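First chain written, first letter: the chains are A, B and C, and each begins at residue 1.
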Amino acid sequence: MAVVFEKPKSLTDAPFHYCPGCPHGIIHRLVAEVMDELGIEGKAIGVAPVGCAVMAYDYFSCDMIEAPHGRAPAVATGIKRCRPDNVVFTYQGDGDLASIGMAETVHSAARNENITVIFVNNAIYGMTGGQMAPTSLPGQVTQTSPYGRDVNHCGWPIRVSEMLATLEGPEYVARVAVNNVKNVKNAKKAIKKAFENQIAGKGFSLVEVVSACPTNWGMTPKAALEWVESDMLPYYPIGVYKDRSAGEDK
Amino acid sequence: MKTTQILIAGFGGQGILFSGKFLAYKGLTEELQVSWLPSYGPEMRGGTANCNVILSDTPVGSPIITTPDVLIAMNLPSLEKYVNSVVSGGQIYVDSSLISAKVERDDVEVFYIPATQMAKDEGISSLANMIIVGHLLENNPELSFDGVAEVVEKLVPPKKAALKELNMKALSLGKDYKK
Amino acid sequence: MAERILMKGNEAIAEAAIRAGCRHYFGYPITPQTEIAAYMAKKMPKIGGVFLQAESEIASINMVYGAAAAGMRVMTSSSSPGISLKAEGLSYIAGSDVPALVVNVQRGGPGLGGIQPSQSDYFQATKGGGHGDYRMIVLAPASVQEMASLTIKGFDLADKYRMTSMILADGTIGQMMEPITFEDAEITTYEKPWALTGTECKRKHNVVNSLYLKPDELERKNFERYEKYAEIEKNEAMWEDYMMDDAEICVVAFGIASRVAKNAVAMARAEGIKVGLIRPITLWPFPNAAFEAADKAKAFISVELSMGQMIEDVKLATKCQKPVYLCNRTGGMIPSPDEILASIRNAMKGE
């Protein structure tokens, strides 16, 4: 019988611990498919964050390390500078990358560190049970913004891709989403490019994946995906924000 | 067993640390045990600087000098601060172009050298420190002027080869200085 | 014999690290240890190594964590406030069992403190600093030569036991120059089958991790790690005895304090006082055996550049059976030989 669908080799057999309807599973799979297609599973070294994806080290079948909260780009820098022939990636959420780890994010981008960063933005702290994230939208209700995010009190959500694109350093910064089939397919293309850039030695490539958190948003999975479209994407528009080599490889 | 503790003090920029380094290397070439301890921090950028050099034929204990055998004072505050810490029978070298005060102790040997003025007159104005070092090597019974060329060779980087001759000139001026 | 050269303590650490096979240095500037970074910045590019100035101490220790996990001999250096920032990474490195060398050229604290020499990070180094049950091997050099030899030793112990070795120096030893010789040290290389190298699709993936959500697993991990620590306590304690044979008063001091104390011991001996010095070289493991051997001593004096931190270990090592006095300066001040001598005289009188 012809096999029409199977688990990517770059994923282990460990079952995901993610909540029902959580797009982390999709994003893991996209990263794994890209690793399979590029044939880099044996060369890849992944850096797991602190946050929902903390146990990503159990799910990817390449070598893995678990970083302190926010420090994944620094850990990845240490690895990549020692092992430039390996393919090093981080997988981080919004609290990890854009709050506690913002300095590491900005500086690894400024150095054009030759790593790939997968940044999952779901506008909330998931692992700790739904607190306000640096990317929570104005007015968004969370456990620590129970009356809605008041921008006069706690500031505005950060558009990481736009901000990083202002730097000379990074090679590639793009924002994608995984709320429908078309967006998922485009997300994979961006992720693949982010890995290809590293293999070609081009430098820091970050893909911001706008995702959803049905559990902590208090929505059904379907409603959550609709909220991505109606509320998240207007504030966080999909697009390529920086692509230094655009047009070169044609 | 003989140990010589030399305290050099003055303004940042007078080459305090360099002259200390020179004496430490001098000891090294004579197979002595040596230590060189600088003051460090913001004061290095224009304030006061000082440097502790110990030369000994036995291992150096504390590198911190509290009672120097020799004091080189390159400015008045340094002289005032350390003059009474010098051991009885010790030596004090004073840059008398910058310090008009006299040492009011009769249990120490004092050398007044107008080093800054001499350096200026000879067109080597940054090397007053080495004039005093030359005078010290000539006049301290525990030290010797012999072999200074080897130390200059070692200390002055090849990129600044021109400075070798000037350092030698300063050392000789100090050696030959007679009041 | 190798040539005697004059070097600053900080530079000696850097040169020794390179000789020990370290090719990766990640750091952030702070007085009084910046010479280490400067030396590495100059040398590493010329020998195919990596020097990288990180955006913070936090980033630099995590770069060390990554490089160590990748199987490299790697180091960072800092001074007291910077070590506080690195504490997070030190805990992760301990929890993940990867080897690293970390240098603390101490300055006065707490807070921003000062920049003059201090030994007030003794607790931080020997009792923790970061969170969780863990230890670091803590080496305390007292000369420029030891800055080098203990750096080489530190890398070896780190690899041997898969943990952090910390060089606990101070601003004086870091800044001073002394003659030093570099003998060709024999460098042991260790197999690192746990390292992140890429699986090449030939083995199960390696995971470097300190997260154990099941408490029984974490407990087992910690028990295992403490068995290793017990082994280290048994085998790796180092100290120097100075005039201890007939000593009735025992001065205890490490690092720069031990240098001043040696002068004071010599002065007291000249007065006919039977006094000796125990100089711990490893602060963890603390050299308890040295104190068991000091059975003639009637009293101990802990000489420290702190408000009295090592003194607690001296009391433990002597099982609180004999008086232990404190002779200390802090905040960047250093006791004079006379101050220590006065302490020795008082101890003789039982004061």
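The rule we apply is simple: a residue touches a chain if its C-beta (ideal position, glycine included) is under 8 Å from a C-beta of that chain, and two chains touch if they have at least 3 such contacts.
Here the structure is a predicted model, which is why all the values come from computation and not from measurement.
When chain centres are defined as mean Cα coordinates, B lies farthest from chain A. When chain centres are taken as C-alpha averages, the shortest distance to the whole-protein C-alpha average belongs to C.
Just to note, of B-C and A-C, the chains joined by more C-beta pairs in contact are A-C.
One inter-chain figure worth recording: chain A and chain B are separated by 62 Å, centre to centre, where each centre is the mean of the chain's CA atoms.
Averaged C-alpha coordinates give centres for chain B and chain C that are 34 Å from one another. Chain A and chain C have centres, each the mean of its CA atoms, that are 39 Å apart.
By the touch criterion given at the top, residues 24, 26, 50, 52, 54-56, 58-60, 62-72, 74, 88-89, 92, 96, 196-202, 205-211 of chain C touch chain A in their complex.
Per the touch definition, chain C reaches chain B in the complex via residues 4-6, 31-32, 115-116, 171-172, 175-179, 256, 259-260, 262-263, 266, 334, 336-338. If you check the complex, the residues on chain A that touch chain C are 12, 41-45, 47, 54-55, 57-58, 60-68, 71, 74-83, 86-87, 103-104, 106-107.
For chain B in complex with chain C, the residues that touch the partner chain are 21, 24-25, 28, 33-38, 40-41, 60-64, 66.
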